[in-house]
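Chain naming follows the written order as A, B and C, and within any one chain the residues start at number 1.
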Amino acid sequence: MMGIKTVAIETMSARLQSMVAWLVRYRRYCLAAAVIVLALLPLFGLQKYYVRLVMEMLTYGLWAISLDIMIGFTGLVSFGHAAFFGLGVYSTAILITKTGVSLLPALLGGVALSLVAAVLIGIVIVRLSGIAFALLTLASSMILFTVFWRWSALTGGDDGMSVPRPDLKLPGLSLNMQADTSVYWFVLAMVLLGIYLAQRVVNSPAGAALVAIRENQARAECVGYNIFRYKLLAFTISGTLAGMAGSLYVIFQGFASPDLLHWSSSGQVLIMTILGGVGTLYGPFIGAGLIVLLQDKLSSLTEHWMLPLGLIFVLVIRFLPKGLLGMVRLGSQR
Amino acid sequence: MQTEGLTKRFGGVTAVDNVSISIVEKQFRAIIGPNGAGKSTLFNLLARHTEPTSGSIAFDGRDISNLPLHRLPSIGIGRTFQKSNLFWHLALRENIRLAVQALAVPPYRFFRSRAVPELDTAVDKILERLGMSAVADQPVATLSHGDQRLAEVAVALGGSPRLLLLDEPLAGMSPQETQRAVEIFKELAKHTTIILIEHDMDVVLHLAERITVLEMGRVIADGTGAEVQSNARVREAYLGLAPSC
Amino acid sequence: MDVDSAFWVSQVLNGLVTGTLLMLITFGLTIIFGILLVVNFAHGSLYALGAYLAATITAVTQHFWLALVLVPIVVAVVGVLIERFAIRPMRQRTVIMTLLLTFGLALIIDEVTRLIWGAAPRAVPVPELLSGAATIFGFTYPLYRLFIVALGAALALLLYLFLEKTDLGTVIRAASSDAEIVQVMGINTSLLFTCVFALGCGLAGLSGVIAAPLQTVGPSMGTDIIVDAFVVLVLGGLGSLRGTVMAALLVGQVRMLGAAVISEYSSVLTFVLMAGVLLVRPRGLLNLGRLDDGH
């Protein structure tokens, strides 16, 4: 009996491994196929509601990927990643409503402000790690939350602010972005750009140094890496990409609310990242998509959709700490 | 490397007391002493792991007393740890590669490819030198204890150091592993300055050109193996306690 | 007393009440971190659970005091279950993974609370015995609030005596400085951890009962309090009871006096304080905590 069982397990794991090997081998094609499907999506006559849902998946996905640079590749668990997403949201929202800029400057403004904020906050807090770092990111994001929440003259406070969608204006070119399908392509292109940048960072020599810091900070320092600067760079890149995700979010959603900066929002993106698999980069993107989809499906069934979400999260932490993609990849690790 | 009046106090205890030693290039120097003599503290001072209470350290005629830890490899100093301290989940090859990359690739390259052929050549060379090519692709956490101790040396070699600081590299090794390691150290000593802390007196006498003996944080003898062995104070303080020597 | 100084006196007293409540809530977090090295994100949710239970018990039996006795026991039992089935299996994992796990638990508990009690806020009346106001030196202040301060002081004293004078307290103090010592002493650490976790959760429940008459009991009660409790935990030095007392009283004053001066932004002050302490004195304002670099 035992023998048969082991053989069965072995064949199963062998089959799984060959499947994973296939996926890894043809990952370029898989990625290309995914991109093509995403690009053609609006042409399938998708309802406006679902176009928005996919855009939400895309922006949250970029946000989760940006968090993975910090957690999965540098070993810093942030409980305040909503701060940068929210900064992107609000700086873009304020730029649009107060100055009436067009699409690209609005996005760039959001990205630039999150970059500056990430550097300034990072200089102060990347000296710490572990629990202290997590609590410090929590504190810093709650400071920002309070400011944006209370400064109602600028942000509309609790009521949030409605943000009209600007057109895309380039020299000699003006594209109307009011239709959800047009802005969809813009959001998709920008998210892909963000993912590409993240992917380059992770696969660069500096990305390897970040992994060294994650694995053993003391030794990384002894072999010659300037820990502070590398951590600061990781923090900055992560915060900037999160800000970009936030900017894109408010551009298609048309509404900014202080809730986006609250720590429960940071917790949500943590769930996405961990569910998908930290340190896998694409895992968190998938995790974000799944959670958004789950929320959408469950919230139409019950208002208590947080319950299954919480259960799933606890079970993943307990039994599947490497996340969905981490589990699949396990067999193919070097 | 020279030290000048190097002193380290912990509260009221003086662990290293006014140590001035000088190690010339390509020398194989061992630092020995009974337990609690201050060897480890002295080592940590040399490796810039601990800040001295007073005194200075110079390397290549340059004062390095205030050099940040991460700059040591770039001036040619590499070290190993008494308790293996590696990138545990990564393969041995990747461990060495990270050490080589720290110096060979300009820092903060976020938008280049990680694949640098020169790095792999350098890593292969180190693996070959230590005879560890067979286990190169295993995560270091799964290596045998002896191989982990050697991996420590391999990672230290990643920065092509001119001065190698070895902190009890043979601790816990089997006799066969020790023999293999000793051969490797002999080979390394041909083109590298080495400072070794070690308990195994046979190995120390076999390898070291000069031996510094510490007791209560002070240098009580400094000389060749034969000189040190015949030194009355050393016999009294240290060797006398270990009849096997 | 003129109006102006009466205002400030009442702000200071309000700060004392807020501080006492924070102290009681954070006591639970502190002993749990001190012994188990777990930062319990679900603590606020258990506090809210306690408040809801109190609302139901007082509504059904009209006895606030019954709630004050029963609820901590019920929440402590919930704590036992959490420790057994969620925290204990995480013993070999990092502190941060356990923190994430308790975050998931917080989501679950919050949602279960909402499932049982709905989203509508509940009110818990102040017990009749304490519904009046006391006049001291011509200054009038609600009796129930004074009771909170007295109860907080009494509980702090009781906890102090428990830790200093009883055998179990000695074991707990030993465990908080070095878990291995306790193991060497041959004490059942599993049981000890469960007891400590239950005690901490019970304290959360108790705080929930006490806080209930002061505010409306609503679904966001736990989420609102947990970060403040973290602030106190950090200022107190993560794991020190004495530090927690000082930190809670300080945060209470900062909150209330800050509210009087810079109104809505007063919570920024406490977060800045928290960030500053983490950066400059990671072992807390009084340097009593057990947060080392490794954690």
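Following the convention adopted for this analysis, a contact is a pair of C-beta atoms (placed from the backbone, for glycine too) under 8 Å apart; a residue touches a chain by one contact, two chains touch by 3 or more.
For clarity, every value in this text was computed on a predicted model and none was experimentally measured.
With contact taken as defined at the outset, there is no chain that touches chain A as well as chain B. Chain-level centrality, scored on Cα centres against the all-protein Cα centre, points to A.
Most remote chain with respect to chain C, judged by CA-atom centres, is B.
Chain A and chain B have Cα centroids separated by 43 Å. Note: centroid distance chain B to chain C, computed from Cα atoms, is 50 Å.
Centre-to-centre spacing of chain A and chain C amounts to 33 Å, using the average Cα coordinate of each chain. If you check the complex, the residues on chain B that touch chain A are 47, 68-74, 79, 81, 85-91, 94, 97-99, 101-103, 105, 107-114, 116, 137, 155, 158-159. Those residues of chain A whose C-beta lies close enough to touch chain C in the complex are 77, 124-125, 127-132, 134-136, 138-140, 142-143, 146-147, 150, 263-264, 267, 270-271, 274, 304, 306-307, 309-311, 313-314, 317-318, 321.
Within the complex, the chain A residues that touch chain B are 200-201, 203-209, 211-212, 215-216, 218-227, 229-230, 233, 237, 334. Every residue of chain C that touches chain A in the complex is listed here, in rising order: 39, 86, 89-90, 93-97, 99-101, 103-108, 110-112, 114-115, 223, 227, 230-231, 234, 238, 264-265, 267-268, 271-272, 274-275, 278-279, 282, 291, 293-295.
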